[in-house]
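Both complexes shown next keep chain A, but they swap its partner, so chain B is in the first and chain C is in the second.
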Partner chain A sequence: MKVDIRELGQFNHLASQGAERAAESLSQLAGVQMGVEVTDVSLVTETVLAETFTDRSFVGVEVGLEGGLEGETVLAFERERAMKLQDLLMGVTDNGDAEERLAKSSVTELGNIMIGGFIDGWANHLDTAINMTPPRYTEANGPRILPDQAIEAAKKHGVFLFESKLTGMDTDLDFSLYMLPEYRQFVQLLSGNEQGNQIPVNRLSTFEQLAKEGAGNAADQIGMMTGLDTNVDVSRLRFVPLAGVPKQVGNDQFVGVVFELTGLPSGYLVVLFGEESATTIANAMMPGGGAEDEIGEMTEGAIKELGNIMTSGFIDGWANVLQTSIEHSPPNFVHDMGESIMSPVVGKLGQQQDYAFVIDSTIEIDGNKGQCDIYALPNERELARALSALPARD
Partner chain B sequence: MAKRVMIADDSEFMRNLLREILEDDFEIVGEAENGVEAVDLYEEEEPDIAMMDIVMPIRDGIEATNEITNNYDDAKVIMCTSVGQEEKMKQAIKAGASGYITKPFQKPNVLNEINDVIPA
Partner chain C sequence: MTRDRQRADGSPTKQVGIAEYTVVTDDTQLSTSGVGSCLGIVLRDSFSDVSGLIHVMLPTAAESRDGNPPKFVDTGLPLLIEEMVEAGASKRRLEGWVVGGSEMLSFSSDGDSIGSRNIAAAKQAFEHYGIDVVGTDVGGSHGRSIRFDPADETVTIQTADDNTTQTI
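What follows is the complex of A and B.
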């Protein structure tokens, strides 16, 4: 079974529009201004689900989908944000002292309305009716906030996970809307036509596994060069609108290196450290421990060197499995806000494509003391070509 | 004399919200939490208008509307729902719905829709 990249882009666009409608609904009902940060879709395994949701406690509203599109949708709030939302909604109905049951009902109905808005565009696009089951209020820790069927599907063959992150404009009310369409039906919907830019669906899993191994190699290399403990916290292959990538990286200050990749696939690879993580690493790499507290020449040299080695470790696996050759440019050192670092990269890639497969890996350094984010943005068409050329394994 | 309205929605929060919107201008004759209760309540009260959610447990709002409008020629049902799908709207009209409001709504939208369906 193959997926057409254009279809995947179309469904990502529908999800993004749906999330905008969901945000408007929340704004109307609770009187808070909401924005959609980004909508991405990834084919995730059980491991990725565990990494993505682990150590977090959620309140959720779950709605099943039947008919033209089957699957599950979940609106998931971290617990304290759900409580805040309940307070806002109870204010709307002048029932500030109402019992817990009514508070839960308010969140459930909000979820119902938001998911209804999210789904409408899909139904209209598919020219069919999508039946929603009555909304169900849930509370759970970790990936258990997702429906059991989705977790089972993730174990078997992976599951497509749409995630829209919604952010309060003037209040701390961030949360995510997830949709997990039923795998086989959704792959059929993604099949497009022979003229499309198609990838066998199982190769997406292969590439995701490659990305995970690449992140593991990169983590090992940081460990070897610094003597610090490292661990891949999360690694996901996401399909995102390119324009949303800089915003997703955010406005924190980062130190890092940008590489241009040439070969099959070409693209970009960006390695970013928080400022404190960068100096910690640079100091750890110097014989005797070094002593630079701010970002100076020593840190720049160390990060460039480390970036070089990590990048090779990251992409060598791709080249070996894809049976191609991929080279990378010398490191371009960057020290700026995340958004400012990513914008030029996205600008260059955006001349050829609107969406991208982004490999997004986070490496924890020395427990929670440091962090490294790796963003790999391969050229979409070239990646599709390389993956399609792999020997069939279905 | 105030027009008589029933509310069918599985969400207590939404029933309360609708009650607050309507109770100054209408007599609320009762509330139902699912499609089966909605049909029973309609038969019991024969209200001037029924505000009907689509997605409800046991029996959905479209099926309930279909039964009500089949049994009562002059029944007026306004679908009041989070579902704004064109195909669902067609199904609601086919079931005999007289109007359709998409949640979330403001008080003027609800009153305007009711006035369109049963002019004062």
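What follows is the complex of A and C.
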């Protein structure tokens, strides 16, 4: 069985449109303007679920899907944000029992309407009915906000996780819509009959290895160069519309390096530090010598050198997993707004594709004192080819 | 995807994403961020009070394998013009601003950079449609965020260097 990347793009598009409709419902019902940030889909294992949801407390509405599309959809709010929504829906709350019950039921009803909007387009696309089970109000810490079946599936073979982030325009309110289709049925839906741009289903688990090995190597290199403790916080491979990639990076000021990759797959690798993290790193690399308070030549030199070594480590990890050879260009130093830095990268890839597999890794440096984000964007056709060419295994 | 945001001074703003365009027929401000090698192109018919902004990534659809039309200068600009005409604008009265097209990265495999090719494509398209150029801020090696205010017909450009802004 093979997964057609175009089908994955089509479903991502549906999820993205569905999220827009869900946002409109909320705008109408609660009178707050919501916008949809990017929608991504990834195949995640239990470990990634734990990393993604850990240490957070959620309130959610869960709806089961049956028929043409089986699985679950969850609308999840971080707990403190949910209180805000309840306030909006209820007017003023005084935390009385009756008020709380009413708030819960209105959140549940809201979730039901939003999820209904989210699912509509899927039923049209699949040309079959999708039945929704009654909405269920849930509260949980960490990944337990997701349905048990999904967590079980993640343990076994991984689970497809669609995530759309919704953000308030003029209110501090954001939450996520998760869609977790039943694995086997969804894999069937993804199997196209196109030639060339397909990935064998049993290679999908390689995605996680790609994300982990690269980031692990890169983090080790930071540790060796600076003597600071490093830890890979999250490293995930997501499938996103290319035009949504800059938005994921955000528009803060970053210091970093961009590399072009050649080989199988080719692509781009971007290493970004916040300005403070960059200065911390540069000073740690040159103890006692010419510390800079601002981003100057010394920092540039240090970040380029470190970026070179991290990138070598990162693509060595890929080359190991894919059993191919990959090389990288000299570093392009950048100090600019995050979205602008990504603009030429998505432009380059945009000549070949509309969607991208993005490996997004966050490395914590010296506890929470610094952070480094790595974005790796391989050419999707070449990545599919490399994965297809891997020797068979069970 | 566009989003509405109320500004402190009361006139709302629509945020335009990459490979997206928006047309307004009032004083709603149009803004887009992350303009690196991409271009932000603003068109305006002041007589009919119709304004549009498109954020294009690449010069021509023909040299691309996949793609939706708003991604490219040569296929995106006609879409924007068409929607503006539907909203009451006249093609003959359109004037425009072009911002972006910087060269932030250089790779050995490059011929001309995307930024300079985008600028050339926009110039050609403006000539083709006979659109007068009111202002440009193109090239360089830095990113830009832009905001168009229909009320005073100005484009305000913000760059990363010490957060300077410039109005054209």
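Keep in mind that, in the parts below, the second predicted complex is superposed on the first by the 381 of 394 C-alpha atoms of A that agree within 3 Å, B and C clash if a C-alpha of one lies under 4 Å from a C-alpha of the other, contacts with A are read in each partner's own complex, and residues count from 1 in each chain.
Keep this in mind: a contact is a pair of C-beta atoms (placed from the backbone, for glycine too) under 8 Å apart; a residue touches a chain by one contact, two chains touch by 3 or more.
This is a predicted model, so every value here is computed, not measured.
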Superposition on chain A - do chain B and chain C clash or fit: fit
Which of chain B and chain C A:Gln352 touches, first, second, both or neither: second
Which superposed partner A:Leu146 touches (first chain B, second chain C, both, neither): neither
Which superposed partner A:Leu272 touches (first chain B, second chain C, both, neither): neither
Cα-centre angle that chain B and chain C span when viewed from chain A, reported as a multiple of 10 degrees: 90
Contacts of A:Leu65 with chain B and chain C, given as first, second, both or neither: neither
Touching partner for A:Ile5 - first (chain B), second (chain C), both, neither: neither
Which superposed partner A:Met285 touches (first chain B, second chain C, both, neither): neither
Chain B and chain C, minimum CA distance [Å, superposed model]: 20
Doubly contacted chain A residues - partners chain C and chain B: none
Parts of chain C lying in touch with chain A, wherever the complex brings them together: 1, 3-6, 15, 17-20, 33-38, 57-58, 63-68, 71, 102-109, 113-115, 142-145, 160
Chain C-facing residues of chain A, complex: 20, 33, 35-36, 169-170, 243-244, 246-247, 251, 253, 258, 260, 262, 329, 332, 334-348, 350-354
Interface residues, chain B side, partner chain A - complex: 10-14, 16-17, 20, 55-57, 60, 81-88, 91, 102-104, 106
Residue ranges of chain A touching chain B (in the complex, touch as defined): 25, 28-29, 68, 89, 92-95, 101-102, 105-106, 108-109, 112-117, 119-120, 123-124, 127-135
